[in-house]
Each structure stands twice: as structure tokens, then as C-alpha cells.
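One chain, subunit A, appears in both complexes that follow, with subunit B as partner in the first and subunit C in the second.
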Partner chain A sequence: MATRDVPAKTAEVPPPMMTVGVMGWARENLFSAWYNGALTIVLGVVTLLALWFGFAWIFGPADWEVIAKIGGRFVIGQYNTEAACIGQDCFWRPLAGLMLVTMLLGMAWGVAGGGFTKRVAITVTAVAALAAFIPYSFDVMGLDVRLLLLANIPALFVGLALARYTRLGTMKWIAIMSVGVFLLTLLLLRGLPWVPGLQPVSVIYWGGLMLNLLLAVAGIALSLPIGIALALGRRSRLPVVKMLCVVFIEVFRGVPLITLLFMSQVLVPLAFPENFPQNSLFRAAIIITLFSSAYMAENIRGGLQALHPGQEEAARSLGLSGWQTTAFISLPQAVRNVIPAIVGQFIALFKDTSLVYIIGMLDIVEMGRAFIQGNPQYLDNAQELFIFLALVFWVFTYGMSYVSSKIEGNLGVGSR
Partner chain B sequence: MTLLTRITTYEGIPLWRHVGALRWAAQIASAVVVVTLVVWFFANIVNAIQDRQIPHGFSFLQRAYQTPIGQHFLPYDSSDSFLYALVVASTNTVIVAVAGVALATMLGIVIGVARLSNNWILSSLSKVYIEFFRNVPLLVQLFFWFYIVLELPPIREGYVIGGNLYINNRGITMPWPAADSLIAVVLWLGLAVGAVLLGAAVHRMLVRREISTGKSSYPVISGIAVTLGGGALAWLLIGMVAGEAPLTVSYPEEYGAFGRLQNGFTASAGLLALLIGLVMYTAAFIAEIVRAGIQSVGRGQFEASRALGLSPIDTLRHVTFPQALRVIIPPLISQCLNLTKNSSLGGAIGYSELTNVAKTMTQTAPAVSIFLLIMAAYLAMSLSWSLVGNLYNRYVRIVER
Partner chain C sequence: MDASNGHENLEKTAANGGEMADEDIIICRDVHKWFGSFHALKGVTTSVREGEVVVILGPSGSGKSTFIRTLNRLEEHQRGDIIVDGIELTKDIRNIESIRSEIGMVFQSFNLFPHLKVIDNITLAPMKVRKWPRARAEEDAMTLLERVGIPEQADKYPSQLSGGQQQRVAIARELAMQPKIMLFDEPTSALDPEMIKEVLDVMGELAESGMTMLVVTHEVGFAREAADRFLFFDHGEIVEENTPKEFLTNPKEERSKLFLSQIL
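So, the complex of A and B:
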């Protein structure tokens, strides 16, 4: 009787050393072929040299004094100058607006219960609070400013407590309060003539990052609904409505924003009666919003077109009306599918706020440029200035795309 | 039935519930609102023009502009008319746009392909490039490059490379082709285009023969040889007839006491910074488009062509990229449009493009008319890009089976 050959138990052989671990990774990603190896070495040397000289420049010949000299003007522009705020100190108003925002972030944290909302809220508050310890002398940056910046920490926890222990802790209330906080901040910044301590500050003195953020927030909040309306109008079966929307979208997409901004300053005042209340900031905000809505409309139209017609037919056959189908079936799916494009447009809008220089407003970029033009001894430090500005914008735009990817993850895009 | 019910009822449905009637009502209402607004704005503008005696109309176009334009590619003098100044400014915009699109597309394709490389350093570097240049406002980038050029040494202490390339804080001055007689240049250019077409035809014929017979007949080399030979032949022919070469090279020369330069071609600081900035910025967007396009081609295509023995480069050239083009072209066109529109930022760094010149013009000419004119100019440029893109798209589409 033949016995089955039982194979002798072999010792477990480890995988070849060159296919796993650091060596395996390097072999696959850096040296997979002779030309890849050569490329890796050349690029590696070039990158190291660039980093070496870059750091050597940053900590060596680069003179960052110009950034320190501009300092707070990067944030609020000429808002707190003697000309803007006659006989008063107005620095507390933007800071109070910032505290309202951190409070809102605290509420959002409370409602979301952690996750990336918590991270965003804590990061913003920490940056604001750490700004209190910038090593300026107390003549330049007083104790009051520092204390107001530190007050963002309690503001965050007030918001958190409001969300946890009162009935305000719902998404609906946060949405309502966001609008309220935005309007209240505008009111604080603008001032009221009959309230002592709230002296009106003309919008021509609003500037710095504050101006960029105000324009961006207003534009982002309004361009999405207007864009949705335009996209629906462009897909409408009513020829007149469709034509009007197409003309609007194509005209705003065909002309550079800077041209529109400049012409708005020249033409819009003529288009309204002489005593009609308006100002340059308001006009710029409207033009930027309309410009962005035209692009937004095309993004959303793309989303609507990509939707399977069966969705709409199914909704109609379930008895939903045309409006209900659009509002509850088509739009939510269309918007969800084009979130990357929408956020891309938000980022473009934020970058475009730097174009208000054309109408003489001193946003963060123009503030810096005007400073080095007015102080020619800093002309040689323009690189330091613009690298700093690029980093500021990069942090914000990268933050926006980070939040967008998180929202996409939460909505389950691509996983259903 | 009362009279009112009979009037307001259609086939038994009251009008306020009748879909057709409601649609008409909605259209009429929206049209009325928009037309009223437009008429109101227009009436206000007309009123303001009359009350404040603001100049209007298009008669200013014949007047002399009497303002210098920084860098210009067409001959321009301050005594030229507004109309001609607008043409000069549009040419400035178009030249930056065309050069920018060409360079940005090349750089964008290189970076987009590099992003997909399996070399980790190369793909990370291109990712860093894309994430940085895409997320920083173009204006900041333009200022950055502009002030770098301005920090170069002044003209007398500037760098001179090879005796002919002058680099200083006014820009770069380089040798440039110059024409003595326009007819000879146009004639030669026409013949040169003919030579290119002939070379392409030869290339196509040889490729066909190679496919049908299986024998190698060097189509690329032959095509290039025919093109170059034809061009050189035309050059010699025109040179013999006209007695001189159709194009000569104009070298920069120093003159005067301050080391100023004449002849050659000077790319001013504004033009240089605008071109560099636009190209670097737009290339980041194009790279993402190219990456998405290549990724949209099924992985099987890549694997199949590798299995057939094509090298990675040949796979990209003959299999993946031609299919990706169909996805790439439409967003690429919109990037061309964006670049053209973004060139309007050149005014901030002293390059006299259309918007900048128009802005200066509004000080001495009616703003409404200028606005209409430059809007028409930008719309025409946008339409041209769309036309070029759509034609190319159709050409690419033939590849589809």
C-alpha cells in the first residue's frame, strides 16, 4: 500500500528583500528601469540643491522686515488709521467680528460633534489666539489687541456651549446665525452715526485680508443660489427665460473680471439715479458675485446634464411635481456630483478678490504693493513680500479644497 | 356660465391652472422685468450723459489718441487715432494670448504626463508644482516675476550673453528676424507653408506604404527632409530673384551715452513677467486636465499596447494620448479662454494690453462706447478660440472608431 508522500514542512521563506519594505518601495518607485534610476538621481540632486539654496536664502539674505513693517495692515488695511476712524480707536470692530466667527465655528463643532469641523474650529481659534503673542512692542500692538485676540478661545467655547446646552444647536440655526453674524460684522465695520463709539468708517478704508474675506464670503454665499437659478433657467423649456439666461452667462463669461470691475466703477453710477445709495465696495461685491454665478451656472448645468434621465422620470411617475422633482431629486444629485467644480469656483472667486486693486481698493495684495511703491527702500524685498502673500492665499485655498474633500467624503460621493 | 368664467376657461381648465397659459405668463413676466430694468438703466445713463454733458458716441475713434503706449508690436505713434490705438492694444493682447497658450500647453502636457510617471520624485514634484501655482492668485505671481525683472541690474551694468543677448531691468533684448521687403517675406512664408504641407503629404504617403508593404520607408525623416528642403529652396529662389535674403537678423546694438539699445527685439519687463506668470499659472490647470484625460483612457488600452510590445513612450504617443485628446480638448479650450482673459492683468505690471489701454482712454473718451468696443473685442477673441478648438476637436474625433 502506497503511502501518501507527506511533504516535509518547509521553513517559511521570507519574500525577497528587494520586493518589500523601503528597498522594495524604492526599487518600484525610483529605480524601476535604468532611465528611471537616472531620472531619480538627476531630479534628486536638483531638488536637494534647490531646497538647500532655498533655505539658505530664506534664513540668510532674505530680509523679512517688510512683512513686519506692514504687519496689521495686511489684515485690516487702512481701517484703523486716523483718516478712517477720526478721533477713535476702531481696531476692536474687526476683532469683534472675528470673535463672532469663532463663536459660530464653536457652534458648528458642537453640532457636528467632532471630526474635521472640530479640527477647523480649533485651528482657526488657535491661529487667532497665537497672533496675540506676535513679538511686536506694546506700542505697535497694544495689550487691548492681544486680549481681544485671546478672547477668541472663550468665544469658541461659548459657541460650543450654545450648541450643546441650548436649542440653537441645529444646522438650521447655524445657517440663520451665519447670515446674522455676517450682517452684524458689516454693521460693526461700517458703524452707525447715532451710536457713540461706532463712528461710521467709509468703505474706501476697508482693506487687507478682511476685504478679501468679506468679498469672498458674500460672493460664495450668493453665487451658488444665483448660479443654480441660472442653470435651471438655461435648461428651461421657456424660450424667453432660456435666452435671457444664455445671454447673461455668455456675456459674463466672455469678458475679463477686471474689465467688468473697472467698467462697473465708471458705468454703474450712471445707470442709477444720482441720489441712489451705492458705494464702490458694494458694486465690486455685486460684480464679483455675478461673474462667479455665470461660471457656477455652467458647472451646475454640467451636473444636471450628467444626471440619468431615469431619475427625473421615476420622480415624475411617483407623482412629484416638476418643482419637487427639481428641488428634491435632480438638484441634490447634480450639486453633489459637481462639488469639486463648485469648490474650484469658490477658490477662483477667492483668488479673484485680489483684482479689486483696479478700482483703488487696498486688499491684502495691493496693500503690500502700495507699501513697497511708497517705501522704495523695500523695493529689493519684493520677493519676500510676494512669497508671503502667496503662502497666505495658499493656506486659505488649500484649506478650502481640504474641507471640500471632507464634505465629499461625508456625502459619500464615489462610494455609492 | 357667466361671461368671466367663459373668458378665463380653456377646454374646461381655468387659465390660472392651465400649463400653457402659465408658461406664457412666466415668459412675459420675466421679459417685462428684464426689459424694464434695461430700459431704466439705459434711460438713466442717457439722462446722466445729457445732464452732465458727458461725451458720447463713436466719433472719438477718428481723433488722435495722443498718449504713448509702452510696448507695441505694430508701429505706433502718439498722433495715431483712437481706433488704431485700440487695434495696437488688441494686437498686444492677442500676441500674449497666442504665445501664452502655445507655451502653457506644452508645459502643461509635460507636467501632466510627469504627474502620472511611476517615478515617485517626478510625480511628487509635479504635484507640488500644480498645487502651488494653481492655488495662488495670478496677480501675486505676476508681481513676483515683475519685481524679479525690476531687481536685475540697470541697463549699463546689465548681463550680456554671447554679445547679443542683453538682460537688464528693462527686460531682455535679443536678435530678431527683420524683413527688408514685405513682399519677399510674405512670398517666402507662403512657400514655406507649402513646403510644410508637402512634407506632411509625403509623410502620410510613406506611412501608408509602410503599412501596406511592411517595409520601413522612414516617413518622419523623409517628411522633415522634404519640408526643410522645400523651405531652403524657396529661400534661395527668392534670394536670387530679389537679390537678398527674405529675412535678415537684426542684432541689438548699443547707442548713445547711457548704454541704450536699439534694433533687435526687446521684451519689456511687463511682457516678460506677464508671459512667465500666465504660462506657469495656466500650465498648472492644463496639467490637471491632461492627467484627468489620460486617466480616463481605460487601463486595458495601456496594458494591451504594452503586451503588443510598444514601449511606454510609444504607448503614450500612439495609444493613450490620442484617445485622451478627446477628453482633454474641451476643458483645454476653456483654459485658452481663461488665459486670454487673464492677460488683462498685464495692466497691473505695465504691459499695455487691451483693458489697460481702454482704462487710460476713458479719461479722454466716452466710457460707454469704449466698454462696448472692448467687450466686442474680447467676445471675438473668445469665439475665435472656440472655433479653433472645435475644428481641432473635429479633427481629433476622426480617430474615434
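So, the complex of A and C:
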């Protein structure tokens, strides 16, 4: 009988077809019920109207001249003005800092061997190099500036070669050199009185995107380790350590950043002699870092609490000490479990750097706002200005999201 | 019936075997443990000779897991003495850490480190605690993985392995510290039936090699084969201490009989 012929192996059957065409998809997802259909139509009409008027404005009456007028001041603020850099040209210093960064990215590319690190390195270098071809006249943007921007391309490949052909091609060296590059850039920007050509530039003239990025990089690099220390401290069995950490976290989380920044400017000087050197940028960086650390601590603590207690028990039963258990078992798992929250905090920190306007520093937003206030003929172009600023912030924060999602993928977060 | 009965039995066993008390690698005297107001261990007194395989049976909540967890101080006992390999378990942290590195523990839920590859799970403690160089630790780890039958899984992450394979990695991870004593806390309870045997085989082989083992398990077949002695726990105390054969065929206590009628 035919029914007795049982096949040795069940035949492989392909999964049923899931695609049902555009109409089928729309019926299933957009018009599955009368209220879904109504919502789809209303939202569709609103979106179309917004796009129609938006594009009509952008390509019609919008006047983007204000963006071109501000130009390089978006990037470095008043850094290269006569007041800031007396009798010298200082434009090359931030550009040299940028070249050091592209060199580091080249090294990272060399160590990672490709993937998203390569894409990030090439994108940053390409944007910097393409900026050399901005159609300003040579009076506004000199050949020297353009050549220094183009020099980012060789800088990238110098970094790549350093990573591939020297002993510097390890993560450890990149970490060390990143700290070095950051400090060297600060030194370049600040200048040294006894070095000819490196005339000191007061930090009150540092501005534009450069200021946002410096504050953000310092804040990001320091708030993670400080946050980890605070999170561990808050879980400590020592009551004094625990209490200090709780008080720190609750105070810095409980007060608005803008208030903290303001207090740092008006209250801190009271505690020091009148002639004590005052560095408003330094103080702002500390406040932003500590503020972010308090939030970071709670993110990390959440990650630590989510760990299965068996992890710690297994580590302890192997004879690992408390610190070894924390360093090799608990923290690595806690941090990778809360990467989304950590990156969210980094993004918030980057956007918050704009608040330094409260202490009179001209970050990219304040630079634009101050420009149209000082040049009333552009007052009507505030819309164009703020759309541009929003786009700049979005590009950087999206870059951070992109990098973090790639790091999550590489660490296998969510899949193991 | 209380702990004194168990103690008598132990002395009998020791006398029969002609062993001296100074070969006891674990000595427990009147060990008490409370969780809040719950009295989890009510005066446990027993000892384990070097190379002995002791299986601990008992209904859930009887204190058997708590008991073996006090032996490497994952739980602190509050009264009585525990002496492991000549060192008394006290609050002195250095004592505890040196004892823990001498005692391996295998958990019901494996507790492998999910962020580390199989090989790194095994080499971590030898490298950090024993300060072995990586090459030596890895060589040793591969030998152990071969012993538990899964050398080809060395570069995978724990989540890519089956439950049985994970538990065998967990055993290899503990063996890498070259422990004198291995504790097993229901090592097969979380496994699918077809994977239990592969883990029990590894444990059986370990028992034959002369390792001192304390095993909390419900696998009576394995227990009968491998164990030198049974401890039957109920309500936080040792109710009966006996040879496997005697316990399974001719239990002395009513509570033992009731328990056996429920699990067999």
C-alpha cells in the first residue's frame, strides 16, 4: 500500500509566500479597519501638506545667505578674529587639531580592518576635504585654509599606515593617543606665550561647533568612568561612600544644568582670591561632565541590578576577588546591557553643550543668534538659521546613534 | 531524630572503612543558618573524607542546597564550625578566597559568563587568580574541554551551546582551578531529558578519578552508581546518613521511606 511508504526524511517545504503585493500590504497595514483607514488618510494629507509647503519654502522664498555670511564662525566662533588672535593668523590651529583627529580615525580604520570604522573615517575625511571646495572667494576663504582642509586626506592615510606598519596599531595605543591628541589640541588652541606663532588665545573667544565638540568629547570621555565609579559607590557596603555617592547623584540630577552652569560662574569665584586665574571654559566642562556623570551612574546601576546574581556567585566561587568580579564579570555585562541608555545620555550631553551661552560663550547656536542680533538686516532669516542648526545637531547625533548601533552589533548585544 | 544520629552513622562508616578522622577534608559541626527568622539549617554535623562522593537527597526546601553553599561560603553559617581542608571558614576574606579557589561549584543554571567565549570562561580564573600565563591556561582549558567532550566549541559563546554542553563547560571551568572538592547544586535539573546523560557521564568519570564530590541531585540512578554515601536532608537537618544500597532498599527512617516512595 502506498501509505506504508514512509519517506526516510520529511521533504523540505519552503515557507509560504508572505508578499502579497502593494495592494495587499496596504490593506493589511494601513486599512485593516475603518479607524485605521481614517488615520492613514488624515496623516497622509497632513504629511503631504507639510512637505508641499516645506519644500515650496525651502526652494522658494527661503534665503540662505545668512548661513554663508556666518560661514566659518559656525565652526570656530570668534577664534580667528583680531581681538582673539592679536597680530597673527590662528586659523591653522583648529585645522591642525582636525587633522590629528582624521589621523586617529585612520589608525582606528587600520586596527578595525574595515567595517563601519572605515566608513566613519572616510566620511569624516571626505566632508573635511570637500569643505575645501566651498565656493567662497579666496578673500573670504584663503588657499591656505583650503590646503589645510585637503591635508586631512594624507592625514587619514598616515594614520592608516601607522596602524598597519608600526607597533601603534593596537586599541591600547589608539586610546592613549586619543587622550594625547585631545590634550595637544587644547594646547594648540590655547597657545603658549613663549612659543612664537603660538600666541595665547583666551578661552572666551573659543566658540562655534569647535566649542560644542570639545565640551562634548571631554564630557563623554570622563562621564562614563565617573559614572561607573558613582554607580559602584552607590552599591558599596561602606555607608560613608554610599552616602556621598547618593548625595552627589541626587544633587547633580536634581538641579537644572543651566542653574549649575550659572552657579559655577557666580559662586565659584567667591571661594577664590580675586586674582586667581579664572577659566570659564574649564568650569563649564567640569559642570557638564559632573551633571552627565550623575545620570550615567544611574544608567550603569540599572545595568548592574539587571544581572543575574548567579553571575557573581559563579565568579566568587571560582576564587575571583570582589574587584576582579566587578571588573571582569559584572561591569562588562552591565555596561553592554545599557549601551542604548548610555548613548542617549551622550546625545543629551552633546545637545546640552549649547547651554554654555548662559555664561557668555558663543557656541554654534549662540554664534548664529548673536550674528542676526548684531546684523538686523538678517533678522528675517532666523528660520533658515535655526533649520540649519537643527540639521547640524541632527547629523552629529545621528552619527553617534549609528556608531553605537554598530558597536552593539559587534558586541552581539541582544543576541547573546 | 537529629544530627547526633547522623554523626553516629558517620563514625560507623569511618570505622568500617578503616579511615582516620584526620583525612576528613570537610568537617561540619552543629552548623546553623537562618534566613531572617526561617531556620534553614538546624545543626548539621557531618564530615567528608578525601576522594569520597556524597550525594545529598531531600525534598525541596530541605536545606540541601543551602548546606553545600555554606561550604564555600556563598551562604554564611551563623553558628557552628565548618573546616575545609584544614582551614576554618570565618569572616576573614583571604581565608574565604583561598578556600573558594580550592572548591569548584557547578550550579543548576550553569552561570557561564555570557560575554566571554567558552575558552575565556575557562581561562579567566586561572589567569586572574592563579596568575597563569595565557598560553598555559588555554592549553589546560583545551585539555579539559576534550575531557568533557566538546573541544570544538572553544570559540563559541555560551548562548550558542545546548544546555548539556553549557553545563559541561561549567564543569570544565571549575576543574581549571584544579579544585580539591567539587560541589554540584542540582546540575541536571535545568536540562532537557536527552542532555542529562552527557552531564552525568562527565560527573561519573570525575567521581571515578578520585575527586571529592558533594552532589545535590534527584538522579537516583547516577547516585546509586557513583555515590559512596547518601545524606538525606529534611527540614534543615540530616535525617539519615547511609550507604546508597541500604538507603534505597532498606531506609531506616520514616521520612526517608516517604521521600523514596515519592521519587521512585
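Here, the second predicted complex is superposed on the first by the 390 of 416 C-alpha atoms of A that agree within 3 Å, B and C clash if a C-alpha of one lies under 4 Å from a C-alpha of the other, contacts with A are read in each partner's own complex, and residues count from 1 in each chain.
We adopt the following convention: contacts are C-beta pairs under 8 Å (C-beta built on N, C-alpha and C of every residue); 3 or more make two chains touch, one makes a residue touch a chain.
Because the structure is a prediction, the values reported are computed rather than measured.
Visitor: Who does A:311 touch here: subunit B (first), subunit C (second), both, or neither?
Guide: Second partner only.
Visitor: Which holds for A:405: it touches subunit B only (first), subunit C only (second), both, or neither?
Guide: Once the two structures are laid over each other on A, A:405 reaches no partner at all.
Visitor: Considering only touches as defined above, state whether A:321 meets subunit B (first), subunit C (second), both or neither.
Guide: second
Visitor: Check the residue A:202 against both partner chains and state whether it touches subunit B (first), subunit C (second), both, or neither.
Guide: Once the two structures are laid over each other on A, A:202 reaches no partner at all.
Visitor: Please indicate which partner A:43 is in contact with in the superposed arrangement: first for subunit B, second for subunit C, both, or neither.
Guide: Only subunit B; A:43 stays clear of subunit C.
Visitor: So in the superposed three-chain picture, is A:329 touching just subunit B, just subunit C, both, or none of them (first/second/both/neither)?
Guide: After superposition on chain A, A:329 lies in contact with subunit C alone.
Visitor: Using the superposition described at the top, determine whether subunit B or subunit C touches more residues of subunit A.
Guide: Tallying touched residues of subunit A, the top partner is B.
Visitor: Find the residues of subunit A that appear in the contact set with subunit B and again in the contact set with subunit C.
Guide: No residue of subunit A touches both subunit B and subunit C.
Visitor: In the complex formed with subunit A, which residues of subunit C make contact?
Guide: 72, 74, 97-98, 100-105, 107, 109, 111-115, 124-125, 128-129, 157-160, 170, 173-174, 177
Visitor: Quick one: which bits of subunit A touch subunit C in the complex? Just the residue numbers, please.
Guide: 308, 310-311, 313-321, 324, 328-329, 332-333, 336, 411-412, 415-416
Visitor: For subunit A, which residues are in contact with subunit B within the complex?
Guide: Result: residues 28-30, 32, 36, 39-40, 43-44, 47, 237-241, 244, 251, 253-259, 262-263, 266-267, 270-274, 347, 351-352, 354-355, 357-358, 365, 369, 372, 379-380, 382-383, 386-387, 389-390, 393-394, 397-398, 401 of subunit A touch subunit B.
Visitor: Which residues of subunit B touch subunit A in the complex?
Guide: 23, 26-28, 30-31, 34, 41-42, 44-45, 48-49, 54, 118-122, 125, 131-132, 135-141, 143-144, 147-148, 150-151, 337, 341-342, 344-345, 347-348, 355, 358-359, 362, 367-368, 371, 374-375, 378-379, 382
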